[in-house]
Amino acid sequence: MGGFFGAVSRRDCVLDVFFGVDYHSHLGTRRGGMAALSESTGFIREIHNIENSPFRTKFEHVLDEMHGKACIGCISDTDPQPILIRSDLGVYAICVTGIINNADELAAMYLKNSGGHFEAMGGGRVNSTELAAALIDSKDNFADGILYAQEMIEGTASVLILSDDGSIYAARDKMGRLPVVTGRGEDGICVSLESFACTKLGYPELRELGPGEVVRITADDIEVLSPPKEEMRFCAFMWTYYGYPTSSYEGVNVEVMRNRNGEILAQNDRASGSADDVDYVSGVPDSGTPHAIGYSNESKTAFARPFIKYTPTWPRSFMPANQSERNRVAKMKMIPVHELIEGKKLLFVDDSIVRGTQLRETVEFLYENGAEEVHMRSASPPIMYGCKFLNFSRSNSEMELITRRTIIDLEGEEGLKHIDEYSDGNTERGRAMRKAICEKFNFTSLEYQSLDGLIRSIGIDRCKVCTYCWNGKE
Amino acid sequence: MGGFFGAVSRRDCVLDVFFGVDYHSHLGTRRGGMAALSESTGFIREIHNIENSPFRTKFEHVLDEMHGKACIGCISDTDPQPILIRSDLGVYAICVTGIINNADELAAMYLKNSGGHFEAMGGGRVNSTELAAALIDSKDNFADGILYAQEMIEGTASVLILSDDGSIYAARDKMGRLPVVTGRGEDGICVSLESFACTKLGYPELRELGPGEVVRITADDIEVLSPPKEEMRFCAFMWTYYGYPTSSYEGVNVEVMRNRNGEILAQNDRASGSADDVDYVSGVPDSGTPHAIGYSNESKTAFARPFIKYTPTWPRSFMPANQSERNRVAKMKMIPVHELIEGKKLLFVDDSIVRGTQLRETVEFLYENGAEEVHMRSASPPIMYGCKFLNFSRSNSEMELITRRTIIDLEGEEGLKHIDEYSDGNTERGRAMRKAICEKFNFTSLEYQSLDGLIRSIGIDRCKVCTYCWNGKE
Amino acid sequence: MGGFFGAVSRRDCVLDVFFGVDYHSHLGTRRGGMAALSESTGFIREIHNIENSPFRTKFEHVLDEMHGKACIGCISDTDPQPILIRSDLGVYAICVTGIINNADELAAMYLKNSGGHFEAMGGGRVNSTELAAALIDSKDNFADGILYAQEMIEGTASVLILSDDGSIYAARDKMGRLPVVTGRGEDGICVSLESFACTKLGYPELRELGPGEVVRITADDIEVLSPPKEEMRFCAFMWTYYGYPTSSYEGVNVEVMRNRNGEILAQNDRASGSADDVDYVSGVPDSGTPHAIGYSNESKTAFARPFIKYTPTWPRSFMPANQSERNRVAKMKMIPVHELIEGKKLLFVDDSIVRGTQLRETVEFLYENGAEEVHMRSASPPIMYGCKFLNFSRSNSEMELITRRTIIDLEGEEGLKHIDEYSDGNTERGRAMRKAICEKFNFTSLEYQSLDGLIRSIGIDRCKVCTYCWNGKE
Amino acid sequence: MGGFFGAVSRRDCVLDVFFGVDYHSHLGTRRGGMAALSESTGFIREIHNIENSPFRTKFEHVLDEMHGKACIGCISDTDPQPILIRSDLGVYAICVTGIINNADELAAMYLKNSGGHFEAMGGGRVNSTELAAALIDSKDNFADGILYAQEMIEGTASVLILSDDGSIYAARDKMGRLPVVTGRGEDGICVSLESFACTKLGYPELRELGPGEVVRITADDIEVLSPPKEEMRFCAFMWTYYGYPTSSYEGVNVEVMRNRNGEILAQNDRASGSADDVDYVSGVPDSGTPHAIGYSNESKTAFARPFIKYTPTWPRSFMPANQSERNRVAKMKMIPVHELIEGKKLLFVDDSIVRGTQLRETVEFLYENGAEEVHMRSASPPIMYGCKFLNFSRSNSEMELITRRTIIDLEGEEGLKHIDEYSDGNTERGRAMRKAICEKFNFTSLEYQSLDGLIRSIGIDRCKVCTYCWNGKE
């Protein structure tokens, strides 16, 4: 998915941006980039592959060369960014976070209607950030250009532009699916996807941009160029899975939301009397952990870590060429504490259940190591639809979803007509699906958070949260 | 400190050793190394600096070039290892974990008495592993050589040797301060410092070497060349701080010991009625966390993470040249969750209190963020002596210890004569010191685990545990 | 300056292009680039800095990754090339050799008139190859686009385009200042700046493009899209200095031209009776050598190498930061053979005399080593004007030219009105200038090749040769 | 083969050694190394592979890190050098140039007799420089140790040692097969294999060491520790092929010797009336060139370069995996000037004829390009024996020599009994062999320099020159 961070200051702020971008490393694994505007040398830009080496390692040396009082950067899971553009709007650096589903159509339309061109990438593909820039350039100023680009783009596009007058233009995507927040400090102002990056870097006075809001940032001020739109569809997964626990979105802290979510799961279990004698409550690391802490605290059941990830080394999977070796590597990170598994009744909380592949391996392993019972709790309702707004349901296609596969098993293609019913755990179909999944994975019990429970954990207006992957509502 | 892993197998086992060494990455930050014996090309060896890039990144390519049915490797915080030696004992690769306090004397003695030489490193220093090899070579076989080397070395030396007949010689240091464990699998046998590396890599049948035990390992068998010695002084910090939670030493799992340690701390607090109304119990990450989980479970007080480390990027500190930037970087990893701090009464468990520098910053930060109370619990007794066996009290000198500095403050140099009293929390002096530290750091309350409590958490015979850093007993 | 090479073949021709580009390494020191069109993966492109490592070293690995039956590449002293473009003309790779003097105006004009943009480079500059591409894109096909771009560009632009149908478009600059030649072999057709690259790589059937000629090349055929123009201004320095001795331009081989040029110098000296008792004739390496061979053969005076360049290591100067060290490095390449200098009467031939800095050092050194006489012969007339077509008079400004500086010394700014006279060695002013330079450098004698002599050495129609730097005629 | 350079100075001399070692790049293609002794940090050492990147590129960065008033370095075609040793003789850096034919026996003997060990290299091999160091260490001081090592070593060993008192010990091999020269400058003293490196780097006062001479060098003085030995066997190939033209050995400059050698060849041809109407005299680059210049000057026949090497890129062959591509690469460097070949009668001088493989390709190519006649002259007598002193006859075995293969063709194994006769061009067998080779290669004529002629070209006492490869005399 990716994220960005930028700053304008009365002093050199490249180091701030170095750390600010680094704080988005959990959001992407492919590329990092930074661009600064120096008074002496103009724009300077660097992009590095971060697939086998973390952002810091690749960008440390940049601090020797890059200087400036205005700087932006990003972690990108798609194309190399930021890119430098020279157009009627001047010279500027730009990064875009999100997804452009109609890139091919937009590129073709652009080439047909304008006299312009793209610098192609390997294979001839157009860099999606250059595509967004081309759309922005077709208007007379950045604000109009960004609004036009967001209008044309099917998908989601938050934009960060470092202009040649030293100001930064920032725009949150039009539906507010992702956060964009500004922070004001003593020497200047920053803009970030993750809020904690602002406070942590000395820009503590926070202000969240509204959906589609466009601002221009200088060291002194934030000027609103286009006001926020009414409608919002904030991605609920930012709280349950993607966001860093220390961030807050729409005023709601991620860790606190997850704790609360676990509490609700525990209350539900208490109400229904299920899993009332487990030995330990545990989270599937890392995102399941705070949900489990909430469950443990609420249920007064001991929290434990029967599984620990080996984190000292770089968490991104190194992938050997040989398939049997690849299988070994996949199982390499999660390490059991046998004493906390053998003969124990365990309740695990995971953030969600998508394809179930990794979960199956985990559960099998627990039983192999002597677990007596394995109760599973999903911190989200069953996922029924693949995300088309942010591309992050982590399944390549809807048919890889364990829910849909189970429905097909239960009653064939016909079942897909009753998705609504299946996603409601209180209907017969809902119960049947849950039971089938529970048996398929050999869980002792399985419960999902309800959509209501989830919304309650978040605590903001239901209509402001995107629930598409659960109920298909846009 | 460092650690090592080796394997002999009926199949190529270089990938096992790659992962096995990687699983010791938490024990060192400077260098990694691997050596294999290939039937076709003989010994092949690689060493890389891992200060700014993790072991995996630096050694991935090794898998293309290195092959063999016998392989060893290590993480080293000291000199480059493993080294290849050719001597009367043949050609062999060797790594040594521990510390040689009398290296200069041994090198001088060797050069005086033998006809030999060392390949010097930059500055003219002798690689401590080559020094150990030189001592080993002075005897007729590896077992006698290792025993001789361990006898001569003041400090600690666990040894791993890959010999040119394809077998591995492994020796645990003579006092058993560090663990060495073998694992037997379907295709062969491995040897490791951390036990979980064996089970995780398919060598599940474990057997811990005793102190000073020397064995010869082939794919089929483990031959004892020198039996274990009686006496043992296992380093207690392996459980409380250094060891990975998933490892077990002397049959005692690290995570479980830490949980139990936290439980005892909670029982003590309950008995004394202190800190009975805190909102959250938390651990100073990473090693404090399992102690805190135990405390929370026992005290039925909610566990929370008011502080979270930013782990996606490489945890080793990147260090800018500029001092003010260095200070910023030091504070960059720990990120607060304001909602879990402001107005809260917090109880934090840390593994130990050494110099107190980092702790002071943490506590100040909690108060700045609105914490109402900050209770501190140390999972170990007050550290009074710098380690001379493994070099890991994490202070450069005894006078940097917060305990000794506080004693000096209280009654000058005279106080150092009463160290014994000071380390007993039930004496007047012990209470005075704790009170002084508590006030110095502005803790709401401070309690240390007692030595008895600690020994109880570990659960093995007291005389088998090294308690030097607490009571100066060797 | 730079150069390019491309090939279309019925077999993979990436290796041909690798060597073909490498054969242009003498024409540039900054960057190399290659782009291929693979049937399976589409366009693939690589650019590397070659300032401290030769083209081969930097591109060897490319041969593992890059495959295709159509490929182009270049050595560039300016911007990174080739670049990939996607426009109305499809996806294509492009490189341009030459210079665009009105780049800023063209970029501004383009941005004003089109709806397009550029991907800017560091500092915000537009890549001159992308600029050329933008101009080309403004027409409906490559041929029209290239002709339009060449028309708009002030300067010189030879163009190589690899289109997405697998054909190559090649265009020689409109005035034919630089050569472009095609070669036909058994499996396909190549295009090159240096002719020897074609023959050497198995494309022996040569055909030189005329000025401004545009062709489309497939593996089978060369289609003329725009015929050659009448007028030509071939850069004479390609023969005397820049070109590789094994190349031929307009049918005239470089080595042979240089030999002939030296012969004429010798004939002139014989006619005037000057330097008739020198011990050795020598060339200032590398370009002076073949001129000197011709002189030696004609004059029957022994040829010798009193100076030899140290060529085993990379010829590009490594530059230390410290100025005094830089001065040393500058003198490091030329190594004397004392026996061939001391007490000897030496005649040296250099390709031309530009600023005179290096020559002064050489001559001083010869006298220091005991040379009795040092006669200097320049294989070209005195340079009076800085090149504005190819940017290669090797002086940053006209006022750095030794001729102009000498004229100012002789009669002040006034003298610059008589440049014509000064450049004719038979006028009084011409003689005065030569005498002044001769004394300034302490030459025993100094002679320049005359413009007539030079044209005779080349042997093609005078009006087809650019003589601007000597007589200011465009 | 390799070479070395060292310096001791009253100022930092690392840059001198950087250039000094670089000036030996023509002597080796595998590894470069440098070691300096800094007052602040002690010994610092770096070794790099130079197979695909020249010495300068790999060592430029060393200048930032390495400092000191005493420094040594080398180009090595064998093992990594210099190595650092710590022994009874202190800490020192050492490089050795030459060959140790009995390395295995010496290593085994050392391990048997001493209490020492070697740090083995990949495969378990002992670094030959560490082996030499071990031999040196067995005596009480460097001088005795070096003499002992040279005595024990079968082969050739010139030694350079940088000791921890900041002085350099230098020793020429015992038979003086290779040169070692010291140079004295204003600030200090250097030592080098190639003499021109001294003069060029500001150490102009030269003094050649005698065979087996051992000296100790400080910034002020050269102390003779062991005087030169009487006997000398200087390798004649240093003049004809290996040495750099600007060097002098035993007072005889390489370029001048080669010129003279060519003159004698011309005189012989004139005397015998052969090749009296050739168009051009040319050298097979690079070593053949100065021989050919001498021939041309003496015969008054025009010198020309019908063949030119492409030198701008790194001269070491890049080797593709594919055999047919390898064959192409081998022919890639030599580029013809067709105008100087077609219809011409050419006389080529090569330094020697060893296996004949490359020569055959060259000659075939000349005929293919239309040469009318190709006369070949070898600047050395026919090579009959493989070198066992310096390992550089450039054939892997004696049976690859074109001479021996021709003899076998002529009369079978029997012929090898008459090697003496064959090597004398005036005997019947000598004439038969020359005729056979001439026909085999399709030369128009073939002549070898005689041993007498060669000795005359060198101009020193015949018994001081090693002529083993021609007549088998040691």
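First chain written, first letter: the chains are A, B, C and D, and each begins at residue 1.
One rule holds for everything that comes next: a contact is a pair of C-beta atoms (placed from the backbone, for glycine too) under 8 Å apart; a residue touches a chain by one contact, two chains touch by 3 or more.
The shown structure was predicted, so the numbers you read here are calculated from the model rather than taken from an experiment.
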Chains in simultaneous contact with chain A and chain B: none
Of all other chains, the one whose Cα centre sits farthest from chain C: B
Averaged-CA centre spacing for the pair chain D and chain A, given as whole angstrom: 64
Mean-CA-position distance for chain D and chain C (Å): 35
Approximate Å spacing (C-alpha centroids) for the pair chain A, chain C: 54
Two or more partner chains touched - positions in chain D: none
Chains grouped in pairs wherever the two touch, ordered by label: A-B, A-C, B-D, C-D
Touching residues (chain side chain A, partner chain C) in the complex: 41-45, 83-88, 91, 107, 111-124, 126, 130, 133-134, 137-138, 164
Residue ranges of chain D touching chain C (in the complex, touch as defined): 15, 19, 22-23, 25-26, 52-57, 60, 63, 196, 199-200, 244-246, 248, 253, 255-256, 259, 290, 293, 296-297, 300, 302-305, 308, 310-315, 318, 320, 325, 328-329, 332, 335-340
